[in-house]
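Structure below; questions to follow.
Labels run A, B, C, D and E following the written order; every chain starts at residue 1.
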Amino acid sequence: MILNITAVFLCIAILVMAVIAVIHKKLVIAIIASGVVSLFASIIFLLLAAPDVAMTEAAIGSGLTTIIFFYVLNKIRKESNG
Amino acid sequence: MDGTLQIIGAIITLIGSIFLFLGSLGLIRMPDSYNRIQAGTKASTLGTILTLLGIALINPDWSGKLILLILFVLLTNPISSNVLARAAHFINIPLYKKTVIDKLKKEETIKVDVSDKKINNKTDKQ
Amino acid sequence: MKIKNHIILFLVLLAVWLLLNSSFEIHILSVGVVVSLIITLVFCRNCNVFSEIKLTPKAFFYAIIYVFVFSGALIKSNFDVARRVVTPSLPINPGIVTVKTKLKSKIGRLMLANSITLTPGTLTIDIKDDIMYIHWIDVLSTNIDEDTHQIVSRFEKYLEVIYG
Amino acid sequence: MVRKFLIFILIASFSVIFINLYQNFKGQDKLNDLSTYYAENEPQELGAQNLVTSIVVTYRGFDTLGEVTILFLAASIIGFFLKIKESDKQKKRDLRKTSEILETASKILVPLIFLLGVYVFANGHLTPGGGFQGGAIMASGMVLLLLANPEKNVKHSLFSGIESISGFTYVILGLLGIYFAYGFLDNRVLPLGQFGNIFSAGLIPLIYTFIGLKVGSELTNIVGNLKETQKETE
Amino acid sequence: MEYISLITGFIMLMIGLWGILSQKNIIKIIIGFTIFDTAINIIIISIGYISGRTAPILDKAVPVKDAVTKIVDPIPQALVLTSIVISLGVTALMLAYALKLHKYKNTLEINKFKDLKW
């Protein structure tokens, strides 16, 4: 029962973050929101009895993907300014 | 006997989560990013440590990994907040308007002046 | 001097490995020795961080005292932050001040910066040579010597003995 | 306007499909036949505690081989796309110096992070974790090293070497399975050992170690490529 | 539990699809793709979930004899494990393309790329 309530809150947070990631004008905030989506999704995976997938999602989905996005964004900004 | 240990663990976990809640309240109430980093770092460090200690009391089999986690949090949390604050100061995120003094700022402005001069020299040559 | 680095890093890694596995069986110990040796040899070609730790009994004794001083400061800082957050008028008086440090070793300065970040109302922003720039949530004075006395000295006297 | 209308119609039709799918979803109450077979026979056949690991490495080993190949292709295409000229490589960039604190901390933290990665893939057959997770953890350790020393570059030749050697060894270990056991990527080349020990489950820990090294070096190559292209413009 | 996550996955999938189709910025489209990936993973995992059971690891909590009645389906988890790693490779590939496109056109607006239109 408590798990179900937790899952409902997490799912609402995921949906709100997904909407922010899609519609927000600032790219930085959109990228961070998509990282947060991955982080919450890894908690959902843990609640669904899949610890392997949760570890992978936390390490790759919310860690490395965000870093790669920021490297590319940094590069694009430097190109447009200089 | 086991029951008392678990109740103590649950109480410690609850205290830790209260500190975490106060930290997140501080994130909302503080006026500028430096003060937010201060509130966030301290409250989240002690909150995480207390939560992990509570879990270690509830589940003594995991205590080795949890002690390791506590040491790791103690080492990495201040470093990350220091890097965040330094980057924020470098890209000129403004301080709170009631700020008394900013001794780091003076040196930075001098540096910026020098680099401006360099740029001006370059443009003159061209 | 260089072999001391390798030995300390190896022992730290082995201790971490045994804590992670939380058992002392011969299989786990042997795998841990091999893995720690490889990582030590790969990463410790030019690291000079660990050679500055002093391994005397006095340093060990001071380290234990330092843990207690530090835990007290950490708990005090949390109540301080909680009080400031909960008070409706938000009693803060922030500013960036400079302090001086006597420590020379890199790891000692790292631990000093970490301790300052986790104690009441202070946050290390930058460190240049022997001057540290600190964001203070409640500035009491802007004089460098007084700030040093207020913020740094209570940790420094222990860290000076431990790390030199 | 027409475009928005078309998008709306597309999403509405998708939602109709999903509503149908959701209404027909009953939720499982028991394992299907294949999973039942795995759960019953895996401990005697392969001897790994973690069923997911045994499926990834042995029962579905071909999938993993193809997946690692796809990752390798992605890494090499990125390297090909973002190749920079030799003349640009020599240019000095004027970067902000990292703080002394981060530099010191990275020297302490990076070996610990690598040890954690090794722990995750060496215990892949006992606890949650495995080659992919361990490789990702090692790649994030490399990212910390890059953040602490922004002037340094990833040594691509070194990581390509590690990657190709571990990939080659992975295939060789699979071929050993044909010769000594019953098929490609069979793990019964080595004795199965005691159930739950770190030296158990035959070849699975070895294979996962090589998958971990391969994934870690590939991800490091990708991150390094995307980082180095920042040089071109200055 | 599985119903909640299943419906979250469906809604998230539609959000991602809407982002892919309606956004003009290439980086935003790639963000839509990552959300799409995560949504599909959530759906697959929640189909394999059986309520009241634990993770497919046969340690002290799950003895080998009772494994069939105590664990969830391990096959979808194994598939999703590989899918996540591939999604990182694909995302990095798309970002590399975006970098290259930005270098030639100096813009990220998808409407400006009309070279293949006639």
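In this section, a residue touches a chain if its C-beta (ideal position, glycine included) is under 8 Å from a C-beta of that chain, and two chains touch if they have at least 3 such contacts.
Just so we're clear, the structure is a prediction, and the values are computed from it rather than from any experiment.
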Reaching chain C from chain A through chains that touch each other, fewest steps: 2
Each chain counted as touching chain A and chain B at once: D
Per Cα centroids, the chain farthest from chain A: C
Far-end chain from chain E, centres as C-alpha averages: C
Between chain A and chain E, centroid-to-centroid distance (C-alpha), Å: 11
Between chain B and chain E, centroid-to-centroid distance (C-alpha), Å: 31
Centre-of-Cα separation between chain C and chain B, whole angstrom: 15
Per-residue overlap in chain E, given as positions that touch at least 2 other chains: 2, 7, 18, 48-49, 55-57, 77, 81, 84-85, 88, 92, 95-96, 99, 103
Overlap residues in chain C, where contacts from two or more other chains coincide: 16, 20-21, 110, 113, 124, 126
Multi-partner residues of chain D (each touching 2 or more other chains): 50, 52, 99, 101, 105, 108, 112, 128, 130, 132, 136, 219, 222, 226, 229
Touch relationships between chains, expressed as pairs: A-D, A-E, B-C, B-D, C-D, D-E
Sites on chain D touched by chain A in the complex: 50, 52-53, 120, 128-130, 132-133, 136-137, 139-140, 143, 219, 222-223, 226-227, 229-230, 233-234
Touch list for chain A against partner chain E, complex: 3-4, 7-8, 11, 14-15, 18-19, 21-23, 27, 30-31, 34, 37-38, 41, 44-45, 47-53, 56-57, 60-61, 64-65, 68-69, 72-73, 75-76, 79-80
Chain D contact footprint on chain A (complex, rising order): 51-52, 54-56, 59-60, 63-64, 67-68, 71-72, 74-75, 78-79, 82
Footprint of chain D on chain B - complex, ascending: 72, 75-76, 79, 82-83, 86, 90
Complex contacts: residues of chain C adjacent to chain B: 16, 18-22, 74-75, 77-78, 81-82, 84-86, 90, 92-98, 110, 113-114, 117-118, 121-126, 133, 135, 137, 139, 142
